[in-house]
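Heads up, the next two complexes both have chain A, just with different partners, chain B and then chain C.
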Partner chain A sequence: MSAHETQDVLAKPSPFSFKSIVNNAGIGLALLVLILFFSVTTEFFLSPNNITNILTQITINLILAVGMTFVILIGGIDLSVGSVMAFAAVIAGKAITLSGLGTAELILLAIAAGLFAGLICGVLNGVLSAYWALPSFIITLGMLNIARGAALQVSGAQTIYSFPYAFEEFGSMLIFGVPVVFLLALFLVLIAWFVLNRTVFGRLIYGIGNNEEAVRLAGHPVFWYKVAAFTICGATAGIAAIVYMARLSISSPIAGIGFELNAIAAVIIGGTSLAGGRGSVIGTLLGAFIIGVLANGLILIGLSDFMRQMITGVVIIIAVILDHYRAKLSSR
Partner chain B sequence: MKLMNFAAAAVTGILLSTTAVMAQDKPVVGLVMKSLANEFFQNMMVGAEEHVKARGDYELIAVGMQNETDFEAQINAVDNFITRGVDAIVIAPADSRAMVRPVKRAIAAGIKVVNFDVALDADAKAQQGLELAFVGPDNRGGAKMAGDALAQALGEGAKVVIIEGNPGADNATERRLGFEDTVAEYKLDLLDSRTAHWETEEANQVFSTMLTAHPDIQGVMAANDSMAVGVVKALESAGRTDILVVGFDNIPAVGPMIADGRMLATVDQFGTRMAADSIDLALGIVAGGPDLEGWVKTEIQLVTAK
Partner chain C sequence: MAHALHSPQDADLLLDVSGLRKSFGGVHALSGVSFSLKAGEVHALVGENGAGKSTLIKVLTGVHKYDAGVITLAGQPFVPSDPQFAKAAGIQVVHQEFNLLTDLSVAENISIEAFPRGRFGLLDRVEMKRRARHALDAIGLSDVDVDMPVSRLGIAHRQLIEIARALQTESRILILDEPTATLTERETSRLFDIVADIKAKGVTVVFVSHHLNEVFAICDRVTVFRNGATIATEEISETSPEGVVRHMVGRTLLEQVKEPNTGIGDDVVLAVEDLRTVANTHAGGISFELRRGEILGIAGLVGAGRTEVLRAIFGADPIQSGQIYRAGKPIAICNPADAIAAGIGFVTEDRKDEGLILDMPIATNTSLVSIKEVSSKGLMNLSKERDMAKAGGARLKLKCGSVADPASSLSGGNQQKVVLAKWLASNPEILLLDEPTRGVDVGAKAEIYAILKDLAAQGMSMIVVSSELPELITLTDRMLVMSEHSVQGSLLPENYHQEAILKLAYGQSDTPKGPTS
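Presenting the complex of A and B:
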């Protein structure tokens, strides 16, 4: 941490700075190369239907990754989002299958319940790791188990189903071929972008990742900012749970196993540094696209499941190596 | 070793909170289950608990595991049952090879063992000199029943895809083989076969993409109902009503789908009863009945709208 950086903590937002454009352009270029490759190798890739598919397929990961971006930017990590999503889905599923209420009330109640469940888990993650200054890796690993166990306990390990028709409609609704759930995810990206780049809160999130002590010495309540980052992450897990339910018409307590790793991968591939302080939610959007396009395209060209898994792993490693060089470049 | 066993037994006792003095006249059955996070085994466990209440002439100690691959927990459970001196062990092995040794130890200790749900590996049994019957459904035959229903509805040469379970899992392999038997018998055109790891969301994604690559798919064979639900949702999003789907397990969530034609058929292997039925068989042997032999096939049934 250089003196230069400590002064930089509250510097003007720089989404359009040269550095940021180069960073995101690199990821955008990688995405473009992938898209070009798949559109040449398979005739279906650029078909309207397939584009709709890809947008639907990346939605949940993108929503989780938006929240994850906040946590990683402060130098933390949240391993619990997959389990928290399942827990929120089970709570919302219990709410939406209650009897004696109208459809609209049930849907609103379910959305509120799911969001609240996710939010609470996020608050706990944040308070526990920030108050005792414990590695969020361990706290959220604990939460991963707590939320999964709670999801199984509350549901009795049974899949919850038979939701109101209107709710299920929402999950597969299209506007000009674009899934409404994807627009929701995109909306979250825009909000996150605004918060991170245009508000003091957002700049302090970067600041904490760069130099926590400097932010603290400047008199900011670092504790609450950290709690807020984890709370946002928990809330996005709640939103992802609602989208999951609307898309698949079920709430499964074993849903979302391993989703945290995909969300982290999207953030890292998107150029956000695991060490915190550097990255952008636009990068996360591109990272989620790269993972989604890879998963979709590799099936289309007929690659085996195992090869597909290997290639996804290779891409993650390449992204981290690139990040290493980016870090060197930007510290010059 | 004895001390360790004793310690292990003590720990189990606390964990199971069944430290109460056992009634001397009732036989004790130890039930070793797979992951209770799985709806299928959870239902099985509930079935066994109801069974012990209904019969009332035996005691049940049930142990489950954290996840499908927690072999260690199963081995420990069997060892603890041996130490406790239960009369019978009824076990659904998490791994068909890893469980052979502990089961052999139990039999050597004079405990009657019934192996259900997943068969212990034949080669491993032969190598260890263990002879043990298997009580369970014919996953391959069941999958073929569902596959045949699909093939008969579509006719010879129809274009189909398979959505597989976890690669390497015994029942996933058996079900895939059953579907492939159908493909061979009805000369179906198998366009693609991929895993979705038993999961709804993944099946939804994988199948949407398969449908893009092969818009002419006519039928889908999913290795479990959770994945079939994901396929049905993908078909709804794509606005396709001309593609037939079959699944496996008959979970409650597919009931409405079969009723309104979104799914053609599923297979019920009466999982809820399977543990209870195996306990009945074990108690029969404990009471002096003959040992089981070979493969005791449990009931499977094709479920359609009719």
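Presenting the complex of A and C:
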């Protein structure tokens, strides 16, 4: 029967890594064009002060977006990070204003408490959504309310302030005009890049986002990997809380409202697929930069904050449409 | 068209298909299908799984476009562009898997495609119920309340409601895709009454079934599919079940001389005792033994419970009851990790959903099971991983550009080799294979057979589930035939006669095991 001529379709070479480079290059190019545009159209955009300003402004979003990248890579979403950040800040604020301890102990205690608070929320998000295979959208929507309520309850709806001087110092410290807190965020990006690209854990995070069943049948404990992704996301919310406190010298229970959406936007603009399995934390870095540069530049050229919001929204939609075509390309 | 196996000049032909071809990627799903329907007949389509029946139906109903061939409907050229178009032309299909919205009422389900609208475009509930009542009465379902939610109806009634829905609009051709697969005998006979009734009203019925006794009970003609082509169309009155089975089987590979496997050891590497899977809580348990270097086949139809047995042994699904022994010792396999630790590998039926991470590199897929081998302290050793993929690829004669290419860039046969390489990298003593050559072209098939036989000669034991009998006959040293979640018989190569195997699988054995449901 002529039905079965051997036909080895050695289809077009489209290496995984190469494609991700092209993706990032596209986002990098977009960022470059934005920077060029604003440096030509405005006087102050490239001034050292303004650059410091932009780096400071994107720091917290970048930290949250790094954790969010893990969750989105496994095909989940975490809507709770803004509230969890506020909750962690309140817990850390309570710790740092305790009496009877030395400054160094207080700061370490606060950092530990904030991190732990964020981490616990992440573990809960992960266990609840992975164990019952529930949409993380809903679970983390619940957590968004729980953490916000907890922050208000624990703080008595009061802003906590008067932190040790050394702590506030850290928040505004610059090295050659670069905020130390931004360097911290950059360091987190590098760690995340290493984990995602060089470790078994990172490999299986991508694997789960692409084909969870294949990873499960290969004998890997998918449940724990999912919990870990949410835990990392919670922990970065804890870190963001500490940075937030150090920068503003307060812990407010109403901090971080809507931050989750900016973090998700950075991840998506950075080319990570909402369906999971495809994307990179370098893209997230570029995505956070695009949002920050847009916010800063649009104000500088004299647009209102309302217009800035609208344009950021348009960019998010364009990013998702581009992702749609990328997904089509990759599935030949 | 040169491919026509019948005379297309018959005056009363309602539908005429000739030389129909359809490929998915490199796989030929239909390679020259010729088929016709006489107005008012009940026409059976039979053939093994993957023979092309479903693809033909999907082409006729506008789900897939065809590559080549001619279809005429009532003398006019017919090119169904989408399901809506096919429906408008009067071709209705009742799928094997239900398309009912279970939380809505019977009436709502029946009207879902065209809700009656009253004033201001609002839903006319009275008219909707009247139409539903009428549609149900038309097929003799006067006892069903149209207000009842579908979720409260049994499987059989759901099937009949699908038929009622399909028939309420003007239908010229009604396609029933394995309608009796989930029905009991009584329900089946009721369905047959309804089919006879529909036929009397002038509707042409296409009946897809695995049960030959049903085909012979209600059909006028039968068309046999094999390997994507139509082999024969015969009048039911002029043929016999044996004749139809012979067409289904063909002569391919039948006369092939099978060299006996002399490498089978005496030690039992795996024993299964009274295994009952969660999919099958009522049937008796399944027991068998697998010896070192032996290739054990499991034959049977889709739904006979073959895949479930493999999944249970591998820990992919929980076990209802029973005991598994590994090299004589009882072991508990709660998840795939336990099975892998016990030296068991599992090449799943569905490459795309369970076997491969298509968008990730070949090397990533190859190392997925033995990722510990190419990493230390949680860090990937990427060059070691590449070497593993290259070694695995070379062993299996994998044709690929670079192991960094995504698995999706490969042909079906080479994708399957990647799945094999993945499991071989973990050095299993026992390999479970579910449809190991599905969607694989003939050349790659032969290569995979040679690889598997070679592995068996080196002492690896295998259990192969396949819907292709020639494959099982070529590959296996012993064969279990399953039907209805239980083993109907166990055959040695000297008794490998396709007709005998098919009879067991179709529940048509000389010693019948209860009624087919």
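We adopt the following convention: the second predicted complex is superposed on the first by the 316 of 332 C-alpha atoms of A that agree within 3 Å, B and C clash if a C-alpha of one lies under 4 Å from a C-alpha of the other, contacts with A are read in each partner's own complex, and residues count from 1 in each chain.
In this text, contacts are C-beta pairs under 8 Å (C-beta built on N, C-alpha and C of every residue); 3 or more make two chains touch, one makes a residue touch a chain.
All of these numbers come straight from a predicted model, not from anything done at the bench.
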item	value
First (chain B), second (chain C), both or neither touched by A:I254	first
First, second, both or neither for A:A263, with chain B first and chain C second	neither
Which superposed partner A:R278 touches (first chain B, second chain C, both, neither)	second
Chain B versus chain C as contact partner of A:I60, first or second or both or neither	first
Which superposed partner A:V200 touches (first chain B, second chain C, both, neither)	second
Partner chain(s) touched by A:R216 [first = chain B, second = chain C, both, neither]	second
Partner chain in contact with A:M143 - chain B first, chain C second, else both or neither	neither
Doubly contacted residues of chain A, that is, touched by chain B and again by chain C	none
List of chain A residues in touch with chain B within their complex	42, 44, 47, 49-50, 53, 56-57, 60, 148, 152, 156-159, 161-162, 171-172, 244, 247-250, 252-257, 295-296, 299-300, 302, 305-306
Complex contacts: residues of chain B adjacent to chain A	36-39, 42-43, 167, 192, 194-195, 199-201, 204-206, 208-210, 212-213, 226, 229-230, 233, 236-238, 251-253, 256
Interfacial residue positions of chain C with respect to chain A in the complex	25-26, 28, 31-32, 227-229, 314, 316, 335-337, 339-341, 346, 348, 353-361, 364, 368-369, 371-372, 375, 378-380, 382, 399-402, 404-406, 408-411, 413-414, 422, 441-444
Complex contact set, residues of chain A against chain C	1-17, 198-201, 203-204, 206-207, 210-211, 213-221, 277-278, 330-332
